[in-house]
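Multiple structures are listed underneath, in structure tokens.
One chain, subunit A, appears in both complexes that follow, with subunit B as partner in the first and subunit C in the second.
Right, the complex of A and B next:
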């Protein structure tokens, strides 16, 4: 008897000003949350910071030729958990020793360098686990050229525990903010549903099905939530990119700006936007239900 | 054709009315009068498909509103306009908002077209430039006329008015009389529920048909005048 009423963006069509205010607030919030998300993702909590400072040292036997030592370093670098493996010959090791302990030159009085060559191995931030450290250390210990492997096994568990705590604390705070968004969003949706109750009743009286209206409100909330989260994360990511370029020393803790464009990072940003879309739809549905039942 | 068969309502522990038959033909203006608390608003709700009668059924073009397809009842409601006796009094709501939601209920009307038609309709009901006025600050008469104009925006096939004529006041009866007859002449159906009918309308409507506590008048519809024909 009449054409089908389009109910997309129904709240926008009925009440623009409050919705604009809400949208601006949500966008700014997602900018901050996007910044935090990408920082957490790139840094892995404290993993990158710790991985930057942690190294396994494989002390080589005195008579190992440089070519063989370099070959071993290349093989170690090929192990999956290893980020880099650099060979230091005895002469370089002696210079490092003197820089660390000046005034000990007499130890070389006999003319012979007392320092052996060594390989310094750095672990990838995302592989800084007990199992991966053990894998690398045990692989090195089985090599006859290696005299000793210094992997800090006695304090490594504490380091890894601190890493885990920082990881969970970071994501916990992030989740708390996301939950806060959901609760505030639900209250906003409820407030809007109450404010527009007269309009909705008007539409229902004129043959618009309630279920269809609720569905389209939730769908609109999901779409706008996705777009806002995506835009906010992109803006937050842009800010993080500029921040890292401006303060390069932060790369040690967060990571290089180029990592922001990795497929993995982009996939997480899309997943985050999808999650926000679902939360927005749920907030819309619950807000509507609460408004109908008169509860807070 | 809207038909009510053996309609009955049992309210507050008693029978308000029972076994009433109605037949409202298309392209006509109908006037239903009844004393206070006789169930006029209830009758309009039942005819609009909003409230199931406790007995009987309502048929629209031969299809049952309450025993048939729910989608049909919704489509019927979508084709109806309704001006309630108690209009909205939201402190923030403006006359323009009434038109906005009416346009939304009507499947969406382009912004420019809506504004244009809003101005014309408001002028027609004597509320020029009222688009930005707050409903809460309007008189009963102005609220009724603003609601009427907002409903007309969608061009409903059937218009139900509850207490509109009495609320609008005597100075606007002439305008409403002409408007309802013009709507009927264009093929629409208008059903008015009032406590009493203006004397002139009653004279023009002739003898009413008594149905339970109600009196049903059919207002005369003028023939369309074709310009250029010799008088």
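Right, the complex of A and C next:
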């Protein structure tokens, strides 16, 4: 046979309808998985949520002028682990205190405000670690203007542990879904190999090498997997974008929609698609082998 | 002895001399007059004794009055000082009381503020507890809760500091109050003590005033008595003068009968009459005239009195000589003058020597000029006084005008 038959998309030509169903299913699955991936990526598990609720408070001395306090806040904001540092004057501190304890307002009608000013320091979600917190706290403690640093020494370890647990749980679930995809994909590939066994035998009898056929099937599975994963992640990212725009309060837990367009995010999405392509190819190979050996 | 007494005594002596002269030569018709004179002399002597005693009592009363007045003055000065001191203490007590009231008011205010602060603190603690319980419902706002707890600690510390500050202020005020109360108590005790001293002074002053009043009454009574006595003596002198005039009249009649009558001589000529005595006149002793003749001012009674003679100061025990020739008409004791000797020089001239200790001649004995008739008494001071009186025709004359005496 002078003209070699193209083995690309052979499954598509031999079994079009089941493959369409599979493809739609995988696309929807990757939409969800892409959504989850990007959410996990942006939120860092529970880091963003926890970082949004954790703050280091540098309580200033009573006689610190506002200008000096604001200058100190600017210097603190320049530290690498710090996301923001805002100075609150004694009046703001008093109001915040009265919001927390409204019953005290009439008790100190004539007395002076005893509250000191303070600087509230927020840590970057990706730097919410014990080391970074200690770095910032020790830097603040060395400043003479600061009377006391409230860094949650009592409960911070628990908070960090919860963060780690949430991180591993999120990525574990994500990985489980990915593994599920692999297993399901393998079963589907095997099933199709069994179903198309007659056709593949006919081609072998006609001189088509089995290895070449397996290779092209795996290659086409990888390409389609990559494309489906990329499309699904893009769709999931789009949905996440719209979701975050629709419900801005979720930004505190997940992150701003603009972060979806960061190169880091895109690179992860591409990486994810590549990973899915590899898994798809592996599922194709393993499914073929299982079909040939008669195993399930 | 007072000058008034001496004046009265002089009059009496004159009358007595007249009587002594006239009595031996008097007719039986004059016996009544002599008896009357003796009787009057006795009464006069008695009155003079009484006058002398009254005068002494009056002098003593005056001394007492002066002493009492002095004491009253001293007490008055003490009382004034005491009142001034009391006034100062009173002002101090008032000032202390004002400070005390202010301090008490401050303490009351601080106690009220302390109570309010403690109540506020307790309510704040309740609110803090309630706030923490409410905050516990949101486990994710850990940092905010931590900050709020810190602020609550700051708030409670400020409140506790406020309470402690008020407590300290109250304790200081209470301490100050206690000090003021002690000071007031001490000052009041001092005032009470000083008041007691003042009352004692007042009581002493009142007592002294009563004593002074008693003395004044006594003085007044004595003065009245003295005045009465003097009036009596004056009346007595008048009687004696009348007797003298009667004696003179008899002498004049006797001289007329003897053809040796001559006109009565004027008192102004008395010194010349003395000078014309046979043998002349000489001083009775060497000494200094310490009391002059005539009207003199008595500082004790603050009155002007009439001296009928002079007093000559001489050494104790000095001999007293007769100033001229004559006869001793009288030698005896006279109240107020001690031993008195009267020498009759004739022609109505007499010399009287009082305050003698002893007589060296007897009544009726003739003496010449310079005859020692007696001696002055001794005294611890070494000085004694001789009373010398010259009388011419019943009238006392200044001895210094007839006899050269050292003045």
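We adopt the following convention: the second predicted complex is superposed on the first by the 286 of 296 C-alpha atoms of A that agree within 3 Å, B and C clash if a C-alpha of one lies under 4 Å from a C-alpha of the other, contacts with A are read in each partner's own complex, and residues count from 1 in each chain.
In the analysis below, contacts are C-beta pairs under 8 Å (C-beta built on N, C-alpha and C of every residue); 3 or more make two chains touch, one makes a residue touch a chain.
What you see is a predicted model, and the numbers here were worked out from it, not measured in a lab.
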Exercise for the section: Look at A:211 in the shared chain and tell me whether it touches subunit B only, subunit C only, both, or neither; answer first, second, both or neither. Expected result: neither
Practice task
Have a look at where A:263 lands relative to subunit B and subunit C in the superposition and call it first, second, both or neither.
Solution key: neither
Practice task
State whether A:80 touches subunit B only (first), subunit C only (second), both chains, or neither.
Solution key: neither
Practice task
Tell me which of subunit B and subunit C touches more residues of subunit A.
Solution key: C
Problem - Partner chain in contact with A:148 - subunit B first, subunit C second, else both or neither - result: second
Handout entry: Complex interface listing, subunit C residues touching subunit A
Key = 120, 123-124, 126-128, 130-131, 135, 140-144, 146-148, 150-152, 154-155, 157-159, 162
Completion exercise
In the complex, subunit A touches subunit C at residues 53-57, 59, 93, 96-97, 100-101, 103-104, 107-108, 111, 114-116, 118, 148, 150, 152, 155, 159
Practice task
Spell out the part of subunit B that touches subunit A in their complex, as residue ranges.
Solution key: 48, 50, 73-82, 88, 90, 93, 97, 100-102, 104-108, 157
Completion exercise
Per the touch rule, the subunit A residues reaching subunit B in their complex are 1-6, 10, 13-14, 198-199, 202-203, 205-209
